[in-house]
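Just so it is clear, A, B, C and D label the chains in written order, and each chain counts residues from 1 on its own.
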């Protein structure tokens, strides 16, 4: 760590609202796509992780700054950078950029949860991949 | 049958897109809210139905006409009218209106599915409530 | 016509619901992405079209069959095939497939609208591209 | 200030994801509904405000804690409490509760923007209503 993962995506009609820009909740969708592709790149299979170990990731805390609006048809980049990992927590920085301009920046705290929703230690093989 | 169920709802920012009107996919959210409240009014508990009988409802077919646009802050009414019920299927008409003006009209075919996703007969107590 | 346009997309968390499959309204988002990329491939700039000619496309009618469910992490293909064009209308077939299996199939009627929401003839340069 | 505004809402299928709980981005939709109803209660017409003064509100910063999950069919309460107002900014606390249990808690900073997206002073009549 830290190695930054990058995902490109396009803004579609579904992402905008009547003010003509991307609706504020939809940046959280964009960064979740970024996390999913980052996890895939680490060769972690979320579906298997849930089926075999009963572990899922959930967002516990989010701090987000909306710096400039994204618009329909924009090509955006989601940058995901792991910043720290403890027993059950992963802290990430996730940014959304357009042509190098920072539009949205978030600090995200993930926790590992059991199927009953209780915090659990990250499986060892996951911790290894994050160090 | 047929008794029409009515649900009122408000259009929020999340429902609109950059063209300033309600995004076309979101009418399907509105009519699903209408179906959920219609089922609740029939005293059918979808959570129990799934837990106890392993049965869920799914949309199998939809025909929809977009007649006039809904806008931010509109108060809409979703009207749900059951039209026919067979072994595993329920046919509904679902309309969305604003102050009596018809904006959206759909024919919806629901099927009852087992947890493995196969069509199953509607539980008898449900069929009774729909006749 | 007809030339089929294809768009690949991934199913993310945001697309699913508690039944574990893609929420039914979200297929309409998928096919809108397909239409946007199809229009881009025809070298039509929707933003310019709106700014210069005051013309937008809207869905007027939709018929959709839900044949089999898509799931988290699936790679889907949206196939968009123009079937007919008249003065103000475009009829499309839009399918969603996973590894060649048809999951969702829709007939979509688009209309060209002025900024006041009235149907207008398709601009000639658009009609030419669709023939 | 501070007077807390309360809005009740129901969790529908559209709000959930495959983990069986409300998808994390959707709490931002819930609190936006809360802000819209709070503004309406202050007798501020957002549509008029935009049309007459060219002023819109946008979220500039958000801090959110996800404390416990909401589920399908839950009845939730969104509590919106204004905490401070300066020239162009409004700071709110927004909580989501179920039967008195706090599920989600956010600090939200709103800014007033001109139609070109630049920060502007809050119109005097709005500032008055917030003091």
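Everything below uses one rule, namely that contacts are C-beta pairs under 8 Å (C-beta built on N, C-alpha and C of every residue); 3 or more make two chains touch, one makes a residue touch a chain.
Because the structure is predicted, anything quoted here is derived from the model rather than measured.
Comparing the centres of all chains, each the average of its CA atoms, the largest separation from subunit A belongs to B. C-beta contact counts were set side by side for B-D and A-D; A-D has more. Rounded to whole angstrom units, the spacing between the C-alpha centres of subunit A and subunit B is 33. Separating the centre of subunit B from that of subunit D, both taken as means of CA atoms, is a distance of 28 Å.
For the pair subunit A and subunit D, the distance between C-alpha centroids works out to 23 Å. Each of the following residues of subunit A touches two or more other chains: 13-14, 19, 25, 29, 32, 72.
The residues of subunit B lying in touch with subunit D in their complex are 10, 12-14, 29, 32-33, 36, 46-47, 72-73.
Subunit D makes touch with subunit C in their complex at residues 13-14, 16-21, 23, 25, 71-72.
The touching residues of subunit A, when paired with subunit D in their complex, are 19, 24-26, 28-29, 32, 56, 58-66, 68-69, 117.
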